[in-house]
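The structure under discussion is supplied below as structure tokens; questions concerning it will follow.
Which chain is which? They are A, B, C and D, in the order written, and residues in each are numbered from 1.
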Amino acid sequence: MIDPEKIPSQVRMCSACPKMCRHVCPTFFAWRSDSPTPHGRALLIHQEIKGTRQLDERGIEVLYQCLECAHCLTWCLPEIDIAEIVEHRRTELVKEGRHPAGLTSLVANVVEHHNPFGEAHNARSDWIEVSPKKGKRIAYFTGCTSAYREKEIVESTVKLLDSLGFDIVIPDEWCCGSPLLRTGFIDEALEQARHNVEVLNSLDVEEIVTTCPGCYRVLKQDYASHGLKLNSQVSHLSEFLETKIKDLKTARIEGKVTYHDPCHLGRHMDVYDAPRNVIQKVTGRKVVEMERHADNAMCCGNGAGMRLLFPEKAKAIGNERIRQAMDVGADMVVTACPFCRNMLASQSGDEIRVLDLPELVSLTLEDE
Amino acid sequence: MAGLAAGTIAAENGLETLMLRTGQSATAYSSGAIDIIGYPPEGLALKEYLPDTEVPFKTPSDGLRAILTLFPFHPYGIIGFGADDDKVVESVIAHVKESISWLKERLAGSCAALIGGFERNIYPITVLGTTKPTCLIQETMWSETLNANPDNVLIFAGFRGHAEFNALSTTRAYLENQLRTGKPPHKVGHCVLEISPFGKPYNISSIELARHFDHDGSMVDLAAAIKKHVDQLGATHVAIPPVLGIEQALQNKAELQKELGVEVFELVALPPSVPGFRLQRAMDRTFKNAGGTLLIGHQARSAIFKNDMIESVVAQSPRREVTISPKTVILASGKFIGGGLEADENGIRETVLDLMPVTTNLHPAEEVRPVYHTNVFSLSPDGHAVLGAGLAVDMDFRPIDADGVERAKNLFCAGSILAKYNYSLEKSGLGVALSTGLAAGRNAARMAKEVS
Amino acid sequence: MSESDFDVVVIGGGSTGTAVARDCALRGFKTLLLERDDIASATVGTCAGMISSGLKYMDEPEIVDMCSEEVVHLNRIARHIIMKNPILTPILELSDLSTGGNFAAEYSKRAESRDVPPVMFLEPEAALEIEPLLNPDLISSLYFEEYFIDPFRLCLLQALDAQENGAVVKTYCEVIDIVVRDSTVESVTFYNRVTGEIESATTKTIINAGGPWAHKIAAQAGATLDLRLNKGAHVILDRRVVNVGVITKAVDGRMIYLFPHENTTLLGTTALDTWEDPDTLVATHDEIEYLLKSIEWIIPSIREARIIRTMEGVRPLVPTWKVPEGEVTRGYEVIDHESEGVSGLVSFTGGKLVTCRHMAEAATDLISQKLGVESKCTTHELPLPGMESDVDVLSIAKEYDISQHALERLRARRGTQIMEILDLVKEHSNWRTTICTCEPVIEAEIRYSIRNEFPQTLNDLRRRVRLGTGPCQGTFCTYKAAAILADELDLTGEDYLVDILDFRAERWKGIRPPMRGPQLAQEEVAQGLYACVGNLDQIETEYDPKPWEEVG
Amino acid sequence: MTEEEAFEFVKNTLKEERITPYHKNEIEIVHSVEGCINCGLCINHCPVVAAVGVDRFTGPRSIAVELSRSPPEFWSTADKIYLCTGCGTCREVCPKNVNVPEVVNLVRARIFEHRPDLVPKGLHMVREIIVEHNLAFEPWEDPEEKVESRDVRLERLDIPYTEDIIKKNAEVLFYPGCQAEERAQEVREAAKVVLNYFDVDYTLLDDMSCCGLPSALMGDDETSQRLAGLLKEKVAGLGVKKVVTTCAGCTSNISDISLQDQWSIPVYHMVEYLAEEVGLDRLKQALGSSKEFSEVTVTVHDPCHLIRHTSRRTMQDAIEILKVISGVKVAISEAEDSCCGGGGLVAYHSKDVADSVVQENLISIDKTGAERLVAPCPLCTAQIEANLFKSGSSVEVDDLMVFIAQRLPKK
């Protein structure tokens, strides 16, 4: 976590920089203006710290335009994590009650229903069917998006883990807290977190697997930094599958397959190779890389509340990402994140098929 | 070549030398081989006058002797103008010989290091499977033993998707020639290698192969690709198109020979070739190392004459004009490719200073219709006379007018702008450019020193 | 060796001969087409490619009707190799305006059927905007539209279609005798220049489509044919120097034109009565000057344009004498030599590119009658190969990783046949390589053509794929294409080098007469490649001088 | 049909046949292409070919001899023509002076007109910005932020802020160009410091507008001409006698439009102005004796628009200027004159190509052992800086004006 003491010197350095990071900032792509860039955000915070200018409504909006994709960090020589600083300021804004009104319902939904969509909590997992197995006992933390919006991910993951002989437990999970943490609602997030830690620690499982990189980061990193400890190891499904790669089969898949790195899995958690290895095993050939990939991958546009607050811009970013896939002649984009899948699929039209990793892997089951 | 030779020698003589250049020319266009003289200027007419001289000339001096006997106004002949009558031939031979040594020295250790010498003409193999007489070739093109042993087995190696060289056709043309003449090698094979600098086995250009082979470690793949063919055919020699690298070619050749255990050499390619690129680069560096200033992208457009001297030269860049006032000027603007000469249906013009061009017979060419100075055969040993048009000069290589008077005392010229020099036909291109360039450069340097 | 029992032998593989062969084959006649050189290697190969609406012959209304109708037919059967050209006729003097008016009325009558507008008049400013190179002193301009076809491809497609329908097509087979027995043709004897053998074929009828050699062919059967041979030369300019076609009056009042065509511009044509061997003719300085001087009035800067080459051919006109060439009919005659005692021999005189199909129909009708068969002509209805549908260049460029422009050129030459070439690329990845960089032409098309379109020389390839027709005139593609030809035909090293010399000679034929300007620099480059480095000017080969080289 | 109606009809037919008649001022460019002898020498030197191979970018030779011969087919060149960075190397090595960079613009203009769908999307985005703001970059939404951005950077670079001067009848118009106006503001400010130091009587524009080069490069001739006209009006209105700019692209482009539109005003790049009008003596006086700065080895990058579109003498001037600065050693890189890849708007749609082009420069820059790279163009500096950073190089990058302004004694 960022040391608040260091923020003033860091934002000063950032705002005086020649701004190379602008070229990779997806919000610069969407707005084309200098304000929604890491540099622009640093300037706002810098001015506020110096006292020359207070953060006004537009300034707050600019801070909430950040996707927290962390792409700028890969371009920053002094390694100033402006996304982290922005998140810190968002926390303060929440405390001051100055966060964008658009977030209010999100927070209320999570608090009341434990998911950002305001869906009934009891509908979260009642539809998931698991059958006890002899194998290793693991908890599958689905995350809200897969549970309510991208059910194929859950279905295919369960089917897949089942076929591999695992004994799957679906815990009584609440929202992991990621959307709240990223937008500055620490207290509300921790309330969710505490529940999850309690539930997960009460289970007799060897490992916790999730398909959502947002959950993955929060479970593995944010909980710990807030002093909440999980007893079992947390893995993203891609890592989990990589350890079982020998048991995976190869499916007949036509066309070129590319892989879109989710920001939260790649840049945030440094997981790049595992999903690629799994895809290679399943398709029988190397992933066709987009020009921007791995730590240089462009965000899908669906991060940190962006789609909620600025849907048109978010879609423009997603659309661009699809174009980049088409540029390398891809027929299929595989990703490993329900948010990415949701955004990319919404922009892909008929030309490109978008699949989440478990969906791809479960294609090997169909062939049998 | 002429301009660079002249400029380098002038700079080496301590002069402040500025070279204006727009567009590259003969040097970059060449095959990289330095021809001195291979054939007589007017085709087979020579037989009548010098029945004992073998054609193509066995040695440059045979050729120079023949030329000086029959065509005293050939640029090579002009070199000897100042000498006593009985020493003309020897003085030209000495000058050309010295020019060759000069060039070899300057290029030693460079990416265009040369091998060969004045003692004999050599016959490297071209990418068409033919051979041509020349004097110096780049070390990468040299094979010490190819023709020495009747048991030699030569393999031509080409690259898939590289249309500039077809190994099969070259093999057939070369083999038939060897069988006809009875010279070794008689065993010749070919192979096609898969090397794709940009990952695609098509539309591969020579330059990209050369750049690719400049990278460290690139010889490993190449050696491995050739190896199996060498083993299969029991080859003793491998010929490949001249793409072994730009800066690294010689090291690459050595590495390949070591890996394969056989001799490897590059073919002579059609222009503009990679060896030509190397030569241009090496010559540019030689000029700069000598202290010359190269002003690229500036085209000399005109000059201001005062009395019998050029006072200044006006040059044009894309958006600026500069006026330079030198003590002496050397014009090495080339022929039709270089743009030193232009022609329309009414006649031939010198483009920079509006000097008087002449035909290959030294008649004024301003009202000569080009087509009348061409041959009905596209390719014949009689060549096309129009390509021998150019400037007539005095014994110091100063262009002259119809009355035989120099246009300006401080104006010299060299290279293919000179008349009576049909390099394609004679196989004398860079040799004349080099020799006349050095001569003109020295003359200009002498004069510049006298003026100051 | 002998092949027997043909219903028809067609002599001459020009536009008419190939059209006849196609018509005969489609009607089910056993047909042999004999061409002494290559398809479209003579007269038709030197025309501008305009499938004229008959605009020059408004005082022969029935010919204009025929031309106009044929344009409609050709657009139906060969749309893929046809382009439309807008044309301006700028008027510099008032006196020219009145003749223009008559023409406009006649032309406009038939315009609608061809899907072009009637003749229109444009103000000088408008004309100058369309073509800024025009002489600004013009007082008015006529505007109309004409269609242009690739004449080489038309002939070849007709020949291929004939083959497809059962005809035997033999190129490089020169008829050296026609045997007539009992006043009826019995067989033809011909020299096969590829094999070096003399062959013969028996036949019921012969159609003599020998163009400017037709009278010599008739003579072999003991028949007589009068022809008025008339030489025409074009000057070919690099790139489309004009935006639209321009037609104007020449120094002698004839009409000449400047047409953008493919990637070049054609300036033509001259008309000189000739008694020379058509094989030896080259354009003269006078002809080149006649054309330049004539167009210079209307395009004053024309001499600044780069002249690539000239081309010249001989028209076999209907023998009308003692009138200027322009007053000779552009109609044609089908001559049945039965009247002079040679039954079964039919010859043509006259005609135009646009009427080739019509001529074929007429001759084939006559042959049907002679063979006593009832048959129906379908050549105006059935499409030529490659016209099945549209081609989406953008998407196939992506799919096959070939440049869009290379594919667009390929499409313009071949329509849907492009897919057969791309099939080759699937198997041979490296055949995507561009061989002729001016046009451009990829290796796959050259290989396809060699395998399917029976070329024997690089020059034949040039007609089929436009190899070496750009500004460099084969400087950089000759040796590359020669290697491919040698590979496909399994030629010796000697033949490979001779093929290079042969193509250089053929290109030089046209380059040399107008030699000037950039083409001189280009030739210095070509000499640099083939003489200076390749040493081909010095080596001895079995190269046979060409007819025009022998004349000198 | 009246003649007017006829003309309308004809224009429509031309459009259907995809023919845009050449304008009078294009004929010379087209004519220059006829000199091409298809030799391919340019291919050996083209930086884009070197970076991505001749299959991906068929090279200048192909543009001259193949792609530009038939206007109705220009649309089909869209997969190649936009990959040219317009560096002008081909024109410079061409023995026939074939003006390929201008032909590229001409072909792009035809595609823009007939097949806007084939113009890369990235260029349409730039176009929208230019049309809306008369600037090549989206201006700052909030002027206060722009000022703040400028101030922190000046503070970091230790360059003093001087007030903008906008007045009539000054000797010189200082034209910063869009990049220095909106993005690299330190370059604009540094140039002002330099001009002030040498007592140059200068003015800025009261309302900055683009010179039109980016529009010309994407084929949007209409906008390009409008912007050139707008600039001409402004320059005439101010009554200045000279134009000085810090941008390489603006130098060549404004030189060009000044000539085409008969401004009768000379246009200089700042280095030319310093070398020719201020003089090396004064520069030496000002920069030659400071002890304040530690020794530094710099290498330079020659912007294409200066050396190949204007004159190579500009970089000779730049090096002379650097050499008079105390403590500065100049180490010339082997690829000093090689395109940075930032030209021709290529980076807006094919960034991989642009970034491949710059690789050769990076290797050579590192080889020089210099600590700092200096270039007299804010666009080249941005492109090279970004890629040097990406490659992990420690070489720092400065615009030449910033480098000079930092070393001028405070006045």
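Going forward, a residue touches a chain if its C-beta (ideal position, glycine included) is under 8 Å from a C-beta of that chain, and two chains touch if they have at least 3 such contacts.
Predicted model only: the values in this text are computed from it and were never measured.
**Student:** Count the C-beta contact pairs for B-C and for B-D, then tell me which is higher.
**Tutor:** B-C
**Student:** Report the inter-centroid distance (CA atoms only) between subunit B and subunit C in whole Å.
**Tutor:** For subunit B versus subunit C, the centre distance works out to 41 Å.
**Student:** So the centre of each chain is just the mean of its C-alpha atoms; given that, what is the distance between subunit A and subunit B in Å?
**Tutor:** From the centre of subunit A to the centre of subunit B is 64 Å.
**Student:** Find the geometric centre of each of subunit A and subunit C from their Cα atoms only, then give the gap between the two centres in Å, rounded to an integer.
**Tutor:** 66
**Student:** Report, in whole Å, the distance between the mean C-alpha point of subunit B and the mean C-alpha point of subunit D.
**Tutor:** 37
**Student:** Please list all residues of subunit A that touch 2 or more other chains.
**Tutor:** If we look for residues of subunit A contacting two or more partner chains, we find none.
**Student:** Among all residues of subunit B, which ones touch two or more of the remaining chains?
**Tutor:** Each of 29, 200, 202-204, 271, 337, 339 in subunit B touches at least two other chains.
**Student:** When you check subunit C against every other chain, which residues touch at least two of them?
**Tutor:** Residue numbers touching two or more other chains: 432, 434, 521, 525.
**Student:** Please give all chain pairs that are in touch with each other.
**Tutor:** A-D, B-C, B-D, C-D
**Student:** What part of subunit C is in contact with subunit B in the complex they form?
**Tutor:** Residues of subunit C touching subunit B: 285, 288-289, 303, 401, 429-435, 443, 479-480, 482-484, 486-487, 491-494, 496-497, 500-501, 504-505, 507-508, 512-517, 520-521, 523-539, 545, 548-549, 552.
**Student:** Note which residues of subunit C are touching subunit D in the complex, please.
**Tutor:** Touch residues, subunit C against subunit D: 83-84, 86, 117-118, 120-123, 126, 129-133, 143, 145, 238-241, 243-244, 260, 262-264, 304-306, 393-394, 397, 403-405, 407-409, 432, 434, 437-440, 470-472, 475-476, 518, 521-522, 525.
**Student:** Sort out for me which residues of subunit A touch subunit D in the complex.
**Tutor:** Answer in residue numbers: 12-13, 15-16, 18-20, 23, 31-35, 39-40, 43-44, 46-47, 52-53, 58, 75, 77, 291, 323.
**Student:** Spell out the residues on subunit D that touch subunit A in their complex, using ranges where they run on.
**Tutor:** 121, 125, 129, 138-142, 144-146, 148-149, 152-153, 155-157, 182-184, 351-352, 382, 385-386, 389-390
**Student:** Going by the contact rule at the top, pick out the subunit B residues touching subunit D in the complex.
**Tutor:** 22-25, 28-29, 197-198, 200, 202-205, 207-208, 211, 271-272, 274, 277, 295-299, 317-320, 322, 334, 337-339
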